């Protein structure tokens, strides 16, 4: 992933990711959110802390944990990274065996603290906490209805609608939750907690990842499996489209609130969102990305001296490309970790003199060389052009760009922050025009078929490999049309 | 690098590195110090800030910058990372065209703020600031002499002796500095600044790296070239053994304070200290480490299913090993970036349940596989054993360990923090005994010749390739004997 | 005010007041809340910042400001003092000409950040912000009703009910607010803001103070007049019982939502809550407290050598007592300002050795002297005993205690945090028993008539001088009975 | 004390005093420094923490404590208030039975952390720590001598010279200290600590206060007795001019390093520096200041309606004036505690509209009244003018200013930060000219005789009552002349 948005953020200093472990390799775009749930462990809050830390790359804006001891909630939320939001005292005060946690990168809803999740409410039957990852496409309509009948909202987050729907239902909590979920259209993974029960649910297409593990007698739920490794838990399986799990004193009850639709997991999770040490549908992502690079090499080989990847997201694919072609993989580009809120930006003068905030090319590696530069996607094209020019300025004689995904032409409505269609360069230029725009000697994209084949995994035989590829092919899996194309985003 | 010391630090939470850019891949051991000097740039302090940030992996305990505007000093030092020590206001207050800066990891001297460098003194001729990387072997003797004649010391840092020697000399600053440097035995890189002059000097063997660049009309000096990339400067050359450069209103004057001795740059800088995007002696370090991996593959091939490197320091070598053998490089080990002072450690119970702070193995990658695990060194052996067992617990059927350096048998006296000889496993066990100790199926070390050949570079034809390999072969380049083997360390 | 509660807080370190200007003289008990509103000033947020800082003694737990620019809200709330919650950037981001602000000391509702006011909601007609001081006696019943019909609550603060009542009303904002206020029983001062209008309202008895000023064309509202002095505004008048003011683009509209009841302003505001430089009902409070001391001297003179006041709340009264009797006023007791969250408490050993956290007696002043000790009230009696003993230990030969209010026998239901009746020493002991309990040579309380006469002011001719004296005489001004005596407190 | 310097500091936000307990009443000028020593108490560091907190009004710029356990030092120093510099962990790490501590307000020496005391050195005989209050008039000459013979300095503080003098002496510590002290000219109170001994010394005139107490078996030393009350210690006596106490394993040894000179304790300590609950020469300061007000009333009565004091320093005197005249003491002026580094200053526009940072007049108290305004001194006159105008703007019909000290005409060379003589209004204007300058209806100063009589105390029969009144009468007690009048100040 490499585009203007990112570098803008870098320059304005409000963008960084300190918390993603080795998988810095894949954390360039910060989108969506991450959820982590625990049921039945005496140190539920601590597990959530380590789990959310492992999911930090999914949202660095705010973090929160709500714990239930079976009688009452204790929760803490704050702006910033997991390690900034929680200190020992705060964590120790969150006692209980059940918890839901959240890290957030706002796409819809503004970035106030009041929008930080888990959202916590009091209603007729007691306490209710909600954490979600994804986007509810029809939330604005539901919200308008609720306001007309006297509801007040404290957040701008769409997630709040599900709490109102549940509170207004005369049914019990589980039935009310099923009714509410049936009303929602979009891509979402939900954790809903009362003092009695934990409900875990995925949207009818399984657009957003959500997975389950065991740690002793406890059940754990996470947006990605990497969080399970950290806490020593054993992965069991992914939550299925339309599935709804209920956990209470009787244990785990597997249920569903709707019939499953076409399986359509977000392809961009494979391409760059999820950490390389996570598994999706039974497939390790570093390995999948290496296969994307290998597939790319098969589809569009080019003779060159070195292969380099745009850090951090394209390192795995670059290694795959190098393995397949025999061209050596070298460190031609270095990402400067000017990390954290407190880092001081260079003055305009210094930037003009060459002080680099994000990326630099390593002259000794690329000088006089023909370079294959692997990246995961092109959004607006401006950053790609900048990187190609960095390589040329450092003496590269040729720069061949290979993108390990198809051209990104359509906005996402299911939880990923993308620009309007009009800003997506692939929606209005041919590949050769893009090549000239980014100043490359050659440019190739991975084919949809190559992508599906590289992803492989347990759903390889499903329609489109079980992937949502709407951003490439405009084939959106939900029934709702998006006339007017209002700004997509996520509800978390 | 992988050993008990590190994980001890991890467990006690006082060890972390947030500032090393993409090269997190190589920052496992935090030792020594880093220096950065500027002569003749109106934003000397800002350049130092970015430069020191790029050198952060060389010392995370304290940071400091002293600036001269030609008439007076302004300086700021503090405990913590560069980005924590400086804020915009502090940086803005450091006006001047000349500066010396320092990041510190204490090996000798305790970790008080008063030991943070640059040290700043007032003496007969005005202000004097000193920043150093390395260790002065005979500092204790010199200090005792000075105290006997009435000197008082404010720091426990050995660096303070050079200021006393200069202040007590009747000669002018440059001559006094030469005399003082001649009295010192050890490995060191010095930056000495008054309001008139900047002196840059390297020890007679060039044990510690120190290099020079230009940015417009300004001269820059840094422990590693990676800091030049960040600020857009052009590398010129390394400072030579015994060399002394004087910069003042007349420009750069090249001089020396002693005849050069055998060139003997620290081999561990090649193996794991320096960043992979730095050059040493004209050689990029990622490439050199890949060659170490390739050489390793030639020296001790083993048939296996996957190659994995111990992050972050051994990734380059692992890629080289994979390239050479054709065995695929995979992400079998993941480093959890539990970074920063504020991160909360897991309770004993959670650790026993498998919550992992430092490394985890990726089950889907290693399960049922024969794994080649590449690491850079074995110090005490305990961490290697732990990592091998992690891989076995995750299902690896065989674990073959390949170390890209010779056995580490002797302590360092030139600025690297190493345990006593008695704790170095290679000093009292055979390779096969170590193999059993760490529970590996096979274990091989890179030969000294292989290391020299992989390093290559401009000094390839020098004695031992221009390297100090005393930690491997007990051949210390300085004249002083080390009877009693007092604790080695660095003066910074 | 001087009792166990306070010193408990002091010992646990969670009690302090740094923000009360010279009037530290009166800030011993931290209760209730303070509100500050601005209508029509371009720097509304900054005025609120200074105004709330002046009201800091009324609530040190959290602070918040919500600003409207006529189209949307911007707000910030946080735990801590005004100066801790806001920094320059946060304040600068609050642009608009209208604002309501709040400082909070929780009495009902727990002390979560989510309870910090102003509360901000979104409802059918847009944004709504609420800040209040006081207590709604019947809030629990109203809340239960609302929950039964599907409302969800985000806070435990009773203030939230008014927002629900308004949102559920089919009427326009002003009419809906009137209806809602009519349903409430208790003592309260409300600021209600939308993007169109600011509503200011006081309870039917005027139990809580609320006053109005002008600054140029702007209208300002504050719990106390001291906040007006700071911002250079001119006091106009107090808000009347049952009054409701509406401010919008048409200016100020004076209205009421109910007929006024008996005027009954909280007597404890006169005795110790409000700052000595504030006016209540046209009477300066330092002067009023001096009159209480003078009245006390007339009612119960005692021959003595020095008069001293328990700092800070009783200094004014002690000066009055001294003036009236001619006995010199001396500094016999010193309050140690161990202020702030971060202050480190002494160990048990040190306390036993005499390290004093709260008060110490000045030996040279009291040794060998007959001391008159003036205090404002006795709640449980434990602190009074402790202070008397401090004076005796420092050598006082006699200690005569004079309390400038009647015996405190009944809990408050209108916004003041008081213990249960069973803990109020005056509810179960005679004055002579209390005297023995606190180890005084003599003890006298000011009579209710003396108090009313000292207060004087514009309402002197009203029933009971326009005061609520329920805590002394059990005559509660609202219609609701308090069977079961649930814990009193405030809604803010 | 009331002058431009102070309000300048207020406006720029770098001036505040949060730590002075009830005696905020007297803390307007922050000057000099405070020292606190402990010998023989297992919680020496904690006692120092509470003691220094009580001395906070003497220096708010930095704080430090150095502890010896008999074998080695542990120390911590930092910029800021005592409560900011120390946290529990830092305090707990300072173990030992002996300690010296310091709070600093820089007058000479800049405000770097390196100047924070106690200064700590290593010399031939081990560790040496120094804390001082006062000014060494001939420090620059001594320093030049030392530098010429090769000494290097780390601070700009003159205190460092005593350490060099001791280190260069061939004699033992006590004799070396005596020799060094004999060379010093000025006003100073010294605490000198090694791992064996604690030395306590006062200058030959006793210009700066220094006093002794016992707590169990331990000896305590403090600049003011108020610090003893807080820790429950019993005052014994003041340290005498020229006295030197040695404490070691043999207990307390009373000695002197020079013959005593004329006793000349700083009169401004009586007038406004020391806390009102401190004793000086056996006299409580609140009482002494009341006597100054009474004396003032006898010397220059004026008929008026109210007496008010400029807070906080003149409240005691105002009460005395009111008692003597029968004119009621009222709260006509209120000091706004815009305290702390973090407080946000009002914009220029708001200040012009009347937002007041420092003082405001209470309209209801002064409107239509003839006001006697008591202040302690006039330095430049600008602040007095401002306060008089505040009272007039609030409706005072007459303002009569009474200053409880003689006209301040001469700079101090003994540790108090005063402007150059040319800026002292009383040095170039008559009293009537000053009256017009400050816009008062009448202006009177207390006579030197009146001041001496009010101070009274144990030295009443000494020459000038044992006071240094050089700032009033130009009669400096030390032998050195001050030609050229270099900037006075303090060495701490």
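As written, the chain order gives the labels A, B, C and D, with residue 1 at the start of each chain.
Going forward, a residue touches a chain if its C-beta (ideal position, glycine included) is under 8 Å from a C-beta of that chain, and two chains touch if they have at least 3 such contacts.
For clarity, every value in this text was computed on a predicted model and none was experimentally measured.
Participant: Based on CA centres, what chain would you say lies at the far end from chain D?
Facilitator: A
Participant: In whole angstrom, how far does the Cα centroid of chain A sit from the Cα centroid of chain D?
Facilitator: Once rounded, the distance between the two centres reads 60 Å.
Participant: How big is the gap, in whole Å, between where the Cα atoms of chain A centre and where those of chain B centre?
Facilitator: 36
Participant: What is the distance, in whole Å, between the centres of chain A and chain C, each centre taken as the mean of its C-alpha atoms?
Facilitator: 49
Participant: In chain C, which residues are in touch with two or more of the other chains?
Facilitator: In chain C, nothing touches at least two other chains.
Participant: Touching pairs of chains, which are they?
Facilitator: So, checking each combination of chains, I get A-B, A-C, B-D, C-D as the touching pairs.
Participant: Which residues of chain C touch chain A once you look at their complex with the stated criterion?
Facilitator: Interface residues on the chain C side: 113-114, 119-124, 128, 147-148, 150-154, 156, 163-164, 167-168.
Participant: Over in the complex, which chain B residues touch chain A? Could you list them?
Facilitator: Interface residues on chain B, with respect to chain A: 18-24, 43, 46-47, 49-50, 53-54, 83-84, 86-88, 91, 215-216, 226, 229-233, 276-277, 279, 282-284, 286-287, 290, 311-312, 316, 319, 322-323, 328-331, 333-340, 342-344, 346-347, 349-350, 353-356, 360, 362-365.
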